[in-house]
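Here the chain labels run A, B, C and D in written order, and each chain numbers its own residues starting at 1.
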Amino acid sequence: MNILFFGDVVGKAGRQFLARRLGPLRREHGADLVVVNGENAAAGAGITPAVTQELLRLGVDVVTLGNHAWDRRDIQTYIDSEPRLLRPLNLPAGTPGFGSAVVNTAAGRAAVVCLHGRVFFPFHPDDPFRVVQSEVERLREITPVIVVDFHGEATSEKAALGYFLDGKVSAVVGTHTHVQTADERILPGGTAYITDVGMCGPQHSVIGMDVEQALQRFLTQLPVRLEVARGPAVLSAVVITVDPGTGKALGIRRILEHEQPDDPDNSD
Amino acid sequence: MNILFFGDVVGKAGRQFLARRLGPLRREHGADLVVVNGENAAAGAGITPAVTQELLRLGVDVVTLGNHAWDRRDIQTYIDSEPRLLRPLNLPAGTPGFGSAVVNTAAGRAAVVCLHGRVFFPFHPDDPFRVVQSEVERLREITPVIVVDFHGEATSEKAALGYFLDGKVSAVVGTHTHVQTADERILPGGTAYITDVGMCGPQHSVIGMDVEQALQRFLTQLPVRLEVARGPAVLSAVVITVDPGTGKALGIRRILEHEQPDDPDNSD
Amino acid sequence: MNILFFGDVVGKAGRQFLARRLGPLRREHGADLVVVNGENAAAGAGITPAVTQELLRLGVDVVTLGNHAWDRRDIQTYIDSEPRLLRPLNLPAGTPGFGSAVVNTAAGRAAVVCLHGRVFFPFHPDDPFRVVQSEVERLREITPVIVVDFHGEATSEKAALGYFLDGKVSAVVGTHTHVQTADERILPGGTAYITDVGMCGPQHSVIGMDVEQALQRFLTQLPVRLEVARGPAVLSAVVITVDPGTGKALGIRRILEHEQPDDPDNSD
Amino acid sequence: MNILFFGDVVGKAGRQFLARRLGPLRREHGADLVVVNGENAAAGAGITPAVTQELLRLGVDVVTLGNHAWDRRDIQTYIDSEPRLLRPLNLPAGTPGFGSAVVNTAAGRAAVVCLHGRVFFPFHPDDPFRVVQSEVERLREITPVIVVDFHGEATSEKAALGYFLDGKVSAVVGTHTHVQTADERILPGGTAYITDVGMCGPQHSVIGMDVEQALQRFLTQLPVRLEVARGPAVLSAVVITVDPGTGKALGIRRILEHEQPDDPDNSD
């Protein structure tokens, strides 16, 4: 089974480049499952019901979120109605929405888990290690193919979680930093791992946002408003090949595509 | 001018693999200047006078540090005597040691700056943007070839600093996360940039440290002691080509080498 | 000279109780100078030009701010026109507004400084120790009577700053935590000190905000909106007596008044 | 039932003043239960088995801890053998030691809970709200008299927890900041509350530690070693009167005593 996982989609620029490239990449890699982190899909901060549907219509199977999950208020009521939109699993009991999903793909069943780190965040998810452990036990009753989106800041926490789940899930794919790391590999127990898959958003930017505004924020320490940057986008993904019988990863490959400036569709 | 920049060297494992590969890589890339971040060179935490000298004897021109600069107490008195060992420039006035160095290479003069980020750190460096700005102005009187090691956690702060210095320095090379990023590029103004060059240390590890100990720390939240992991190392670097007349970067290439398990020298 | 310093005023509830009590307290204590921290005066978050004027019309001489200084956007343009409204002194060079003020009181000149801590804040003021040191040197050319509002979270940073300025200023009054501390005293060098003066806002509240909303925020980790709580207010202040010739503090006394529930003016 | 609760004891200075005053205060207030936070009792950082026994021999019934619980390594093995020494309840499952204790006093049974906050700490306890809720339910089967030591930094988290437990426990006593707050009161449901009881340690200090060393740490940002300050101590406590039949608090009073410089026993 081939799994195509796209990192944090930032704004319209990210969505448009994704829309154009998703079909060709799916065909090229024979993807059976497509996962997209959508926490920045709506103007760089959060996601709306309309944007969720837009992503799903492209052929995305599961949309994951992160610390920006609740940036748009209407998502709190909507999320219970859309099992393909995942908020982090390890939020307090009673949180609206779902933290994992099972998808019937042409190559068999696959589960996706959205998980959140605790290091350096100003809010307090539950222990990701213990919460994901029992969820993985539950999901393995259904399918051995399990992909975990681990949304975190600290490379140490992400690596530790990768090793913690090694041999128990098919892949641990880091998100949140918006910068792709070059450490994709298969861990000893057969779990594909990358610290961060990177983003789908404007190339010439500070993690997707306007360079000048981001700079002003650092220089002035004022609450400068940040808008999604303009110009051609980058698309960051990994394609993971999994043995559907055992759930072991057979391969992980990074994808990093740069939109060309004169691309006719870049009309953002 | 070719500049070879190695990321955070972790422990003996990192030092040994670096010792073996530095000569061949220097020759292969025709390196005129070699920079190594040594903040984890002594058993994973800090650096000692002896380890500093060991690195310099390998042919390293400048050793940079970061948040672990002062982990070993004797470094505070030693650092004033070794101008090739740099602590972050933007520490409070009166801090021992040097924050930049000028090296006479075969291809001309080059300056190296060690700079520290503020986001997510529990200590308080001065504003890296303003401090580096005036230092760069000063150094440009001496040479246009300036390499900045920006030791930081947040990808946003690192990207912003890259754009801030774009066109004013030859390269901004991120360190600290111990994971190489895949976003090396030349910014519009001619500055080579990478968010993090990655580490030189044990492959099978949590950012260089023992996997089981790191996991226990996350799982128990106890002050579990962390030791450098055992086994073959990874070596992370970038090679940057700079026009010595203008200081503009002409290219930046990532290097990522994996020590083989049966390598005879891996006797750690 | 008698100085009356009121802690963070929270919303209309805080403003109304202050309005009612300021005159009587001023007379009772023979106050020559009245300082109010107004960072939460506008609906609990930030301050507006209108609320600033409302406070000044009450007879407040200087309004100080803190981490909420910029919560209301129009304050950035307004603040340059009102020298009696102080934002923290140790913000980056170029920040709008003033960080200190000199007031001509009936008992002589007095200076007020607004200063911000760095520990536990997600933004990055400049080093408060060095910045306040040179400002105090400058102000002492004008008057020995200097009151510093130190807006900080960590008790260690606040105590350290108190000792740092001991003998150089008349008083260091902590703000920000909204809870009055019982450690008011004269330090050995003659500086009056209190870790936190406390707030002027609703009693039955979580630091001024609605109890149920605050609890929901902790329990759900969702971005629950916080409104100023209802009901009778508390008023927290200190009165400091200073020798106007030397600037030495002669006394510091805490004031903590509770509005009665059946108070006719409590119509919020 | 009268409960005497002393805040964080800092070093020998704190222990000695406590030793001298515990008996007289116990008699004066007719205390049936004595609780002491001992997280800084051993030279300012952590506690040892010997220091634990020293405190218990003074007549302390329960010693609570906080973020410094594990500063001394031998405590991890010792703590399982001493049910009167409490580490925070909301540490990960499997943590050594106990998070609560039940004491048979002359006035009936009383339970003590040690709980830890999450805001601003660099480690990750479990959710204090949910964890304490189920523990309180369990303890109320045994006794309605329950005292919670809430070790936290942020005043908002402490106040929220107070209201959360209001009517369910006899008292919520904050610790950790080492500065006594002046907000002691009985909450509407009958729970005694104070944001922080303050410390028992050297008066002339930065939260118990040497002023000059603490200042150097802030000024240099170097890892300056902190030692317990010298000189006369302060003793901070609350005495809480509880109806042993209902567990409702009838009163809470702050105690703040200053050791005299010429006190013969101050031989530290």
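Simple rule for what comes next: contacts are C-beta pairs under 8 Å (C-beta built on N, C-alpha and C of every residue); 3 or more make two chains touch, one makes a residue touch a chain.
From a predicted model like this one, the values you see are computed outputs, not experimental measurements.
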Checklist outcome for this item: When B-C and C-D are ranked by contacting C-beta pairs, first comes C-D
Checklist outcome for this item: Per the C-alpha means, the centres of chain C and chain D lie apart by a whole-Å value of 29
Next on the checklist: Need the CA-centroid distance for the pair chain B / chain C, whole Å please.
Outcome noted: 43
Checklist outcome for this item: Going by residue number, chain B touches two or more other chains at 92, 124, 130, 219
Checklist entry - Which of line, ring, star, complete and other names the graph you get from chains that touch? => result complete
Item to check | chain B-facing residues of chain D, complex | outcome: 70-71, 76, 91-92, 94-95, 122-125, 219-223
Checklist entry - Given the complex with chain D, which residues does chain A contribute to the contact? => result 92-93, 118-119, 124, 126-127, 130
Item to check | Residues of chain A that touch chain B when the two form their complex | outcome: 120, 129-130, 153-157, 159-161, 163-164, 177-183, 188, 195-196, 198, 204-207, 209, 211, 214-215, 217-219, 254, 256
